[in-house]
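Okay, so chain A shows up in both of these, paired with chain B first and chain C after.
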Partner chain A sequence: MYRLEVKNISKSFGKINAVKNLSFNCKEGEAVVLLGPTGAGKTTTLRCLAGLEELDNGDIYIDGKNINNFSPDHREVAMFFENYALYPHMTVYENMAYPLSAPSRKNEYNKKKINERVQEVAELLQISELLDRKPNQLSGGQKQRTALGRTLVRKPKVFLLDEPIAHLDAVLRHRMRGEMKSIFQKLECTVVYVTHDYKEALSIGDRILVIKKGELIQLGTADDIWSKMNNVFVAKLVGDPPINIYNGILHLGEDNLKIELKKQETNIVFKQEKAEKENLGKWKGKEVLFAIRPNDINISTTKKANSIKGTLAAIEAISSSYEISVYISEEKIFKVKSKINFADLLNKEIYLNIDSEKIHLFNPQNGESIYHGRSL
Partner chain B sequence: MEETKSIKRKIVYYILLFIVAIVILFPFVWIFLTSLKAPGDIISYPPKFIFNASWDNYKNLFVKSQSGAASSTLNFPRYYLNSLIIAGFGTILSLIIGFGAGYTLTRAKFKKEETRENIAFTLLSFWFGPELAIILPLYIIFNKFSLLDNHFALILAYQLIGIPFAVWMSRSFFSDVPVSVEEASRIDGYTAMQTFWKITFPMVKTGLAATAVLTFIFEWNNFLFALVIGGRNTMPVTTGALGFISYEAALWGQMAAAIILASIPQLILAMFVQKNMVRGLTFGAVKG
Partner chain C sequence: MAKFEEKVEIKVNLKKVNKYYGKKREIHAVKDLSFYCRDKEFVAILGPSGCGKSSTLRMLAGLEEVNSGTIYFGDKEVSNTPPSERNVGLAFENYALYPHLSVYDNIVFPLRVRGATDEDIKNNKRLDELIELFKIDKSTLNSYPKALSGGQAQLTSLVRCLIREADVYLLDEPLSHLDEEMKVRMRTTLKIMHNKMKKTFIYVTHDQLEAFALADRIIIMNFGVLQQAGNPNDIYTKPVNKFVASFIGEPPMNFLNVHTEKEDSDLLIHGKSYKLPLPDRFKSKLKEDKKYILGIRPERVHVSPKNDLPELVLAKVDVFENLGEVNQLTMKLDDEVIITEIEPHKKFENGDDIYIHFDANHMHLFDADTLVCLDDKL
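Up next is the complex of A and B:
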């Protein structure tokens, strides 16, 4: 039995369909991440789970029990709000004790138990010394921890977290990303986590649910989302700098695949087993989208097999690596991620060596995936 | 240089403040001085600033059968009590209805979002029109129901002032409470009612107190409804004060004393909620 089961839920606001026929489930102790761009319906989905929005259609089950008609206070879920939603007239301690002192939990928690639990969670989140402060005396990071504390003091069936670390500064966000994962594991939480940041999704999610305009695009592990994306939308959403995409025509040889890149001198050619070729048969001679991640390209000054000629246009140093922009035609830039600074090659002609085992092909009409490189 | 400039600036600033203060306070001080003067001093020209102050005017307000013919029919304590009853119960009724409506208008989901503003605007429109425009129909209606010169009738009539104001002002405070805070409380295990008392109310209580005070002041100060719908038995201080000017004599001193006494409840209440009053006077136009 699943801890949380979501079956075909839909929610619309007037003419806008925020969530369309979405289904997924979540085992006990599992962290499922909803990943998607702004307006994808992630928060609406979470609000439906919390009972803050009424479903138009579909069912939600917790431990096999249908909770469609339960009000938020009866759902045994805890939620973290993107804007923290701290109670401004209460101290940090009172904020965190608030869920435990609800009249409906009178029998579960007495004053002593509440105190113990708040102290315990405050210690876990390192906010013990802030307990007497009011929210307006806290920094952004401290507010975030307080709100997280208020969510974690309870032991609900499911935790719902809406962009919990999106508004922190970069350093803190990076640290919290790791901490969140370990907190979830320590507390054995069942979590539905909403984010628009693929890095958060990949690091925190046991499984990741990519949604777009309220519809499920892909559900899979971090590996699936990164290297076996079933859609060009997922490919573009995940990765920074984003994946390079170029139009080409697919040719099938005896034991090889050839991608003829439009307006380019070179073709990408590589060996391919027969069995896999059969799936590709219907794409023979047709246009496809060729995609390769920036870190699967090497830059060199000499022409090799499977290399595209280009002009090195710009180099951005980003932490320990470099993001390099290369013009391969007048309007098309390929991004390359490299450990080496190619400053001496700036504005010079270079070759991009494509790792043929790491390419992806997509259907140019509907964006669905056709082929993933062998070694993935 | 910089320092002398800022000192100059301060001097100008305080001079301006002083002028404004004089303009605003002068009538009040004048009335207060008048209330302490003997009849002869009041009408002397040029006005006297040094005179024998006495509390006689105040005493006379509460002592009946004075020599002055006009005052024999005046019953100031009664007017004062009437004012307290009408404005007091009127305010309570306005707040019960107004706060409820204010909260509902802020939070309720409407099928059409325009409905929310339409209702609010309709309420506000009671404040646009001159009271004179509605006083005649109101008089006819109340007359039909034999509701003239009746405390309850005046309390009802005062709702035309009190409810729209209480709705609009409380609404501006309620809408400052983020919805997500209330939602968080629901998820934390509290019912809607518990959430209101635990979360929403503590966040708006000073604002609601200011609303209550201003509503009271507006109702206390009302003149026209009291004049037309009220009568001998229900006369509040506002219309009662008119009685000091009669065919036989104008009792300026007692009138001034009555006005001073009538201002006291407002002043005391206003002091408590000073900070939040500004919003009420700008009538929710600017969201805090």
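Up next is the complex of A and C:
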């Protein structure tokens, strides 16, 4: 039995279909991340799970029990919003104890039990020594942990988080991402987590649900989403700098497969086994989208097999590596991620060597995946 | 990064510049600031809010009075020269577009005031190039500033700045209102434009990623004081103090509290549960029985599941994150946290024992009181 089961849920606002026939489930202790751009329906989905929006269609089950008609406070879910509203006049302890001392829980928790639970969660969040402080005496990260703590004390069956760290500065966001993952694992929380940040999604999600215009696009592990993306939308959503994409024509040889890149002198050729050839047969001679991630390209000054000619237009330093922009046609830039600077080659002609085992091919009409390189 | 001939002209030079605000000059916004920009160089002034970076840029533009010190453009002192005589191109965070002019007319305004005819403007190649590169579409060109999003207004302002021929281009957070994806794209575009225009750019930002990506040289400020000036690689590998070290890098540098102890006449670095030999280059700089902070970048922390090398330090895996291109490992060493990046195919579980090797060549040590970096290389 699943901890959370979402079956064919739909929600529209007037003419806007925010969520369309969405289904997924969550095992106990599993973290599922909803990833998508603004307006994809992520927050609406979460609000439906929390009971803050009424479903137009579909069913939601927790531990096998249909909760469609349960009010938010009877769903045994806890929702954490981006703007954490701590009570300014209460201490950290009082803020955390508050959900347990609410009148509706009078019989569940006595003072001793409340104290035990608050101390337990505070220790886990490393805020035990801050329990007497007021929110205005806390740093951004400490406030965030307190707010998390207030949600965690209740032992909800499902923990819902909507962009919980999106507004933090880069350094703090980075640290909190790891901390949250660790807390979820230690408490064995069942989590549904909404974000537009692919790194957060890959990091936190045991599985990631990519959503676009209210529809499920792909549901899979971080490895699936990164290397076996099932369409070009997912490919573009995940990765920084984004994946390079270019139009080409597919040719099939005896034991090889060739992609003729438009307006380029070179072809990408790679060995091809029979089974794969059958799958690709219908694409013979047809136009495909060729894609390769910036870290799967090497730059050199000499032409090799599978290299694309270009002009090195800009070098941008990123921590210990470089993002290099290369014009491969008048208006098309390929991005390369490299440990080497290549400053000497600025504005010069260079070659991009493509690792043919790391390429992706997509259907140019509907964006669906056709092929993933063998070592992906 | 551009390469320079041996003899390079200094285009902009600040000498002991000070700026005060307030009736009694109680706010000392810029303190004895000296730095220079070479001709055709892209210099970023980087620092947190309130560090004096925008005040500095405004003094360069002539929009703020210099209270003491001098500014030179080439050989000419411009400290008291009005803005209009400095021949600088300006783009600020708050766009300052003319509300009664269309986007197109705003963009070509600097050309028109310098007497360009419609014919001249039509033949202006840079105009077409800028509009194309910064993705300003036809409908935007015909609309008026009030109809623009923050990002569109900012790009208009940036293009208006770049359209004119100036000696120095001064840009203050010109991409701050763009969404994340657009910001990264336009950053590259700006870098490409700089390579093409071959002019001196001074760029103010609080975003270390932006400064790193764009600049040939970076000026880092904090509390009105210059912290370090250097190319991105120097700033990254040889930070002069803990502020610079912690401000730069994603994921950030790891810091560990350590102290020194003598053992058989050798000075060793001690953590709670571990000790490490002190690399030679620190030997003259460190004292016995004193507290220090050990800094090491995530990519200089190597890990192994086995204790198969000398001088390994035992830690526990706290968080394992799969980030696609790399995996990130957060470890607990005693009660401190260490982050490292590992190759995608290596996987770890929470609570696993893990052995850490600190790359001694890339270890930094900071004085625990002054936070100054102690390294003979500096």
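Keep in mind that, in the parts below, the second predicted complex is superposed on the first by the 356 of 376 C-alpha atoms of A that agree within 3 Å, B and C clash if a C-alpha of one lies under 4 Å from a C-alpha of the other, contacts with A are read in each partner's own complex, and residues count from 1 in each chain.
The definition used in the following text is that a contact is a pair of C-beta atoms (placed from the backbone, for glycine too) under 8 Å apart; a residue touches a chain by one contact, two chains touch by 3 or more.
In this text the structure is predicted, and so the values were computed from the model without any measurement.
Visitor: Of the two partner chains, chain B (first) and chain C (second), which one does A:368 touch, if any: first, second, both, or neither?
Guide: neither
Visitor: Let me test your reading of the model: by the given contact rule, A:104 touches which partner, first (chain B), second (chain C), both or neither?
Guide: It touches chain B, and chain C stays clear.
Visitor: Which of the two, chain B or chain C, is in touch with more residues of chain A?
Guide: Here the partner covering more residues of chain A is C.
Visitor: Taking the superposition as given, does A:72 touch the first partner, chain B, the second, chain C, both, or neither?
Guide: The answer is first: A:72 touches chain B but not chain C.
Visitor: One more residue to check, A:50. First (chain B), second (chain C), both or neither?
Guide: After superposition on chain A, A:50 lies in contact with chain B alone.
Visitor: Please indicate which partner A:132 is in contact with in the superposed arrangement: first for chain B, second for chain C, both, or neither.
Guide: Neither partner.
Visitor: Mind working out whether A:116 is in touch with chain B, chain C, both or neither, as first, second, both or neither?
Guide: After superposing on A, A:116 lies clear of both chain B and chain C.
Visitor: Pick out the shared contact residues on chain A: the ones touching chain B in one complex and chain C in the other.
Guide: None.
Visitor: What part of chain C is in contact with chain A in the complex they form?
Guide: Residues of chain C touching chain A: 1-3, 184, 187-188, 191-192, 195, 209, 212-214, 232-233, 236, 246, 248-252, 297, 299, 318-319, 321-325, 328, 330, 339, 350.
Visitor: Please output the residues of chain A touching chain C within their complex, sorted ascending.
Guide: By the definition above, chain A touches chain C via 170-171, 174, 177-179, 181-182, 185, 198-199, 202-203, 222-223, 225-226, 238-241, 293, 295, 313-320, 323, 325, 333, 337, 341, 343-344, 346-347.
Visitor: State the interface residues of chain B toward chain A in the complex, per the touch definition above.
Guide: Touching chain A from chain B are residues 178, 180-181, 183-191, 194, 198-199, 202-203.
Visitor: Inside the complex, what are the residues of chain A that reach chain B?
Guide: So the residues of chain A touching chain B come out as 50-52, 71-73, 75, 77-79, 81, 83, 85-89, 98-99, 102-105, 150, 154.
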